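Next come the structures, one after another.
Presented sequentially are two complexes of chain A, the first with chain B as partner and the second with chain C.
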Partner chain A sequence: MKEEITITIDGVEIKTKTGEFILRAALNAGIYIPHLCFHPDLPPHGSCRVCTVKVNGRHMASCTTPAEDGMVITSDDAELLDLRKAVIEMLFVEGNHFCMFCEMSGKCELQAVAYRLGILVPRYPNLFPQREVDASHPDVMLDHNRCILCGRCVRASDEKDGKHVFELMERGAKTRLGVDAENNLGETNLSIDDKALDVCPVGALLIKDTAYRIPIGERQYDKTPVGSQHKGNK
Partner chain B sequence: MALELRNQAVNVNEIVSNHGTERHHLMNIVRDAQDAFGCVSGDTAKAIADAMGIHMVEVEGVVSYYHFLTRKPSGKVTIYLSKGAAPSINGVRELTSVLEEVTGSKFRKSGADDAVGLEWTSCIGMSDQEPAALVDGVVITNIDADKAGSLVAHLVNGGDPKEFSTETGDGKNSSDRIHAMVNNNIRKKGEIIFGDRIVGDAIRKLVAMEPSAVLDEVKNSNLRGRGGAGFPCGLKWDFCLKNEAANRYIVCNADEGEPGTFKDRVLLTEQPELVFEGMAVAGYVLNAEEGIMYLRAEYEYLYEYLLNVLNKMREANLLGCNIAGMDGFNFDIKIQLGAGAYVCGEETALLESTEGKRGEPRDRPPFPVSNGYMGEPTAINNVETLSAAARIIEKGADWFKSFGTEKSAGTKVLSVSGDVERPGVYEVPFGITLAELLREAGGENAKAMTVGGPSGKIVSSADFGRRIAFEDMATGGSMVVFGPDSDILQIANDYMEFFIEESCGRCTPCRVGTTLLTRHLEKIRAGRGTKSDINYMINLGKVITGMSRCGLGLTASNPVLSTIENFSELYDGLLTGEEFVPIHDMDLAVRIGREIANFN
Partner chain C sequence: MTATEIKTVTRKIVIEPVTRVEGHGKVTLLVDENGHITRARMHVVEFRGFERFIQGRPFWELPVAVQRLCGICPVSHHLAAAKATDWLVGGENLTPTAQKMRRLMHLGQTFQSHALHFFHLCSPDLLFGFDAPVSKRNIIGVIREHPDLAVQGVMMRKYGQEIIKATAGKKIHGTGAIPGGINKNLSIEERDFFLSDIEQMIEWAQGAVELIKGVHAQMPDLMKTFGAFPSNHLSLVREDGALDLYHGNLRAKDSLGNIIFDQVDYANYLDYIREEVRSWSYMKFPFITSLGKENGWYRVGPLARINNCDFIPTPLAEAERQEFMKEAEGGTVVNTTLHYHWARMIETLHSIEGIRDLLNDPDLQGDDLIVRGEKRKECVGLIEAPRGTLFHHYRIDDNDQVTMANLIVSTTNNNEAMNRAVQTVAAQYLDGNEITEPLLNHIEVAIRAYDPCLSCATHAIGKMPLEVELVTEDGEVLDSKFKNR
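On to the complex of A and B.
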């Protein structure tokens, strides 16, 4: 049996169960902690580090840290805000993100979190990597330029679609998204209604022939910032 | 083509059935496939996946992760040349051009057509005898131009790398089952690790004690982990014991990947029984029946030898069932080979790798003491820690504590290399100063040294009065010494390149931040840096340190941060007086553009 416990986030006491991940507990209690690789329908990944909080003074990813009774957590402070911004800026310069002509603009979580945290321009120089666009699949386009290696599609394809179409490949600075085929996405059994396509936070996995159905300015985050369904926090 | 494919499929099936189709065998399967075919091609990956009932991309994810697993061959046979600080000091740069000339191949560009391919690899644990290289698992040391020439001639003629040289190193390196040209270079023997002993003493002593008394003895000894982090060994075992489970595992971390360390190599060569007895001690305390040694791929040349030692220990009833005549004391050990990844020395990455996955560290908590190998409670210790534990059982905690300092009991085995007259292994009591060590090793005129490898700190002579001890400079033991002419920022730059390559790439700050930090260091070294770049690097270092997921990211900025701290004058000397210089070098870009366009 999981016991009911109390944890404190930025001075607000919330109830949750032992072992619940801090980020889930916070979101369920209406407290927004910025995050990217986390998706509510998937197991956590702990990779983007945006959801880092201080637990008893130590930096921990809130998506993978289980709550314990009496934990005192800081999420909203100037130091964490700056570190989170820094990490998001790293994601921007690591890939090639040209928001102004991306189909996801206005419904992209990377862009939305950046706006919410007040990022105007990355402090780091763009790395301008050479990356490929894989348009081999009849219904889906995979644009590696925009992939932030969050692993959401990997988990969704494996756990929800039972397919394992995706996997992270290589390592270090060369890490990239691989597909379950000799050459490209067109050779995989990915299908248009796979959960893997739904969960991509950016414009890396796009469904063909659906672009610009909703005009820019009327998209999900154009009117209400990301996390605005939750109380307070940055 | 079809025939070839079919044959390959048959072979792959054989390889898979030799090991089994459970996922945790994947590491051994892809290693065998690499050996058999010289690479793990897409077809092979597909065949392995089919035989194991998994997806091709899972196999490729693993293959692409490890340095010694390749999707294409990089030559009919490949020379993996070790790079890093010690190789540089010993002339690897000059050797590079010699090798390219005699082979006609190019580093990083070798392919199937090359008779002898050339690849770089991170430190192979031979810093005391660099330049060194691996060829099909065979270690070639002290390579000069002549040796390079004869090695390549031997390989071009189809010679077996094993038969390249009849020269063998000191100690057990000349034994039949090792037969390597590697030298131990034990310069100083201490009482604890290299003290005289009779094989089996620790185990015979062990079985006369209650497991709880054994644990108390280890706790009382104040033995702290020798792998770098210094966690109290007894406390770790106690945590592991408190987790109820049917099964517990003992893991010996023999990944020794920190550039500049090689002491575990020497321990495994000269005192393997001591290491295995240490694992048995842990097994006895924790009521575990299975031990796993994770041996880095670079030390594959010790594999047969270690298996034979295990066999002999079984025959002597020091492993296996009812050990040393004690009913119900069952414990055995298997060896898991790695495939080339520094981060697999991190304990949770090591577990992932042992389970046949990409060696990415896990999120903690939970810690291995509750959820380790296969989800069971697992105690992971360094080779030297386990050896010390065995000696503590033999001679007692008080004896152990009579060495070292109050807060750092015992001795430490240090790996000393670089600009010293006597590179090698030194077992010294904790508390020794860097200056004393330098005197023993013949490196008095050093201007700097690395304490703890790239993940440690680069210190200047101002710090040579500091002590090696947990209360002052804690270290896994990689000590690389730099003479008066060394280019310290070049070394820092090389260390950063190491982290860029060896990061697992999972988390943002480490995957991206290491590249960004290196770019700025390069900018400064090119004479284009400003005062603001120093602050930029300090702040970036804080992001990487404060936000990374594991110990690699936590320490990956150290080459830059420690040189800013200890060698600020080197940076100051390189800065331009200007307020701001953009990182993008426009003049250079225009020059390159004009060259490409032939517009001169």
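On to the complex of A and C.
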């Protein structure tokens, strides 16, 4: 039986249960902490570091840190804002993100969080890596140019679809998204209604020929900027 | 400032950059030892290939991605690519709502593009004369002496841009046209907003036609001789021969008005048009295959369209067309450079009449937006862009990825014609071995009549610098001159 506890985020006391992850507790209480690799329907991953907060002064990923009674958490301060911006900016320069013509523009969480944090131009130089487009699947396109290696599709395929279509391969700067096949996505058992296709925060994993169906102004984040239903960080 | 350098036998005069042309390039005038201009060449000096950039991208990105080609005419590329990709999804028979929304977008952009060109870029020349001092011959001069006209220009442009926004989603880099359709209709509120100003816009467009006719009446000889030379004319026309900026079949006429080919399905354009590559230019030289490289070049754009069509399907513009065609000496075709402005204003009037008709059409409020049919691997899309016929041609592989892109943009279609115009005008105004202010001005006026977009023409991404040059047969420079944009 989990007991009710109280934690404080940016001076606001909220109730949660022991063991609940800080990010979930905050979101449930209507407080927005920026995040990317976290998805409400999936187990947390703790890889992107966008949701970093200070717990009793220490930097922790809020999506994987369980709440404890009396915890004092800082999410909204200049240092954390700058850290989050730096992380997001790195994601932009490490891939090839051309929002101007990307079909996920207006629906992309990376873009939405960047807007929310007030990022205009990344502080780092663009790396323009050579990445592949894997369009071998009849219904799905995997554009590695836009993959931020959040692992959401990996978790969704494993946990929700009962498959193992995706895998994060290698480590560090070499990390890449692999597929469970000799050559490409077309050889996997991925199907068009897999949960894995629903959870990609960016335009990396897409259902083919559905682009730009929603007019500008009507897209998800045109209407409701990310975090706008929550209190919390600017 | 003028930097004059004269060598004994060899001569080259450099003029750069041509101001008030969208984008930049370089024009070289070649002169023989007697000081006669033998050829004119418009170069482009920078090149970044869109065709390569788009390789491997999925086809459904094309209508949006291709807008990166040019920040000046994105809507034309958006629509040409959409028309092409319609074929890839078997959606070429658009729903009435989709087709009319696209037509509205296109007329909106034609209206704003023509208004910008006329009021902002050309009215200074036309109102103050080609020889007026540069300090006066600019939009500021127009604002000072003809404030009402300047305001009209701004308001007309804005009206067109708002139409683009209401149909494409944004004024530039919109997403409205998608393979097989459109992603939105026009709401009643949007419609009523546009209808509230429509009569004013029509009146101003009529005023602009009157204005240019007045200029012709004032100096008929200059208007008829300046940069005049016979050429073929190419454009789309509707099946019944009407002017249609959005869709039709290819028609080509020669300089006397004889039909070279007619009602050609543009999917077969490669059977009728070829492109010549010349070593000195990134811009290719298209020509009508049956006439060969020497004689097959042609004009496109407003002049060619008004020449080629049998009638304009809106009454005010049609009346103006009939008056315009009286200018055709001998044949049934006008072959003078400055008549481009007049033709462009007739099209402006046609565009706004067409916008009015569309706004009153309840199909714009329909909900049936997208069509899907049998998939294909190759597609061609053509449109009459404000600057002239625009060709998009793509091939995709089994994975829906682009393997080939070939674009012939309006400005490239006018390439040889612009070279001829510069050559003709330079021959008329070159005096000695020096680029005089009048020569420079007149060359600018000639080029500007074609409303070139050098950004498009090089398939560069974004804007680029243009430089104009005059060279001897021996390849040496006589004179160069720089003007700031």
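The criterion applied here is as follows: the second predicted complex is superposed on the first by the 233 of 234 C-alpha atoms of A that agree within 3 Å, B and C clash if a C-alpha of one lies under 4 Å from a C-alpha of the other, contacts with A are read in each partner's own complex, and residues count from 1 in each chain.
Heads up, the rule we're going with is that a contact is a pair of C-beta atoms (placed from the backbone, for glycine too) under 8 Å apart; a residue touches a chain by one contact, two chains touch by 3 or more.
Please read these numbers as outputs of a predicted model, since none were measured by experiment.
*Asks:* Per the contact definition in the header, classify A:A61: touching chain B only (first), chain C only (second), both, or neither.
*Replies:* It touches chain B, and chain C stays clear.
*Asks:* In the superposed arrangement, does A:E167 touch chain B (first), chain C (second), both or neither?
*Replies:* first
*Asks:* Is A:M100 in contact with chain B, with chain C, with both, or with neither (first, second, both, neither)?
*Replies:* Only chain C; A:M100 stays clear of chain B.
*Asks:* Looking at the overlay, does A:V179 come into contact with chain B only (first), chain C only (second), both, or neither?
*Replies:* first
*Asks:* Of chain B and chain C, which one contacts the greater number of residues in chain A?
*Replies:* After superposing on chain A, more of chain A is contacted by B.
*Asks:* In the superposed arrangement, does A:D209 touch chain B (first), chain C (second), both or neither?
*Replies:* In the superposition, A:D209 touches chain C alone.
*Asks:* Under the definition above, what is the set of chain A residues touching chain C in their complex?
*Replies:* Result: residues 100-101, 103, 133, 135-136, 141, 186, 208-209, 211-218 of chain A touch chain C.
*Asks:* Where on chain C is chain A touching in the complex?
*Replies:* 56-58, 60-61, 63-65, 67-68, 89, 168-170, 173-176, 178-179, 183-184, 370, 399-401
*Asks:* With touch defined as at the start, can you tell me which chain B residues reach chain A in the complex?
*Replies:* 42, 46, 54-58, 60-61, 64-65, 341, 358, 363, 365, 500-509, 511-516, 519, 536, 539-540, 542-543, 546-549, 583-584
*Asks:* Which chain A residues qualify as touching chain B in the complex?
*Replies:* Residues of chain A touching chain B: 44, 46-50, 52, 59, 61, 64-66, 83, 86-87, 90-91, 93-94, 123-125, 127, 149, 164-175, 178-182.
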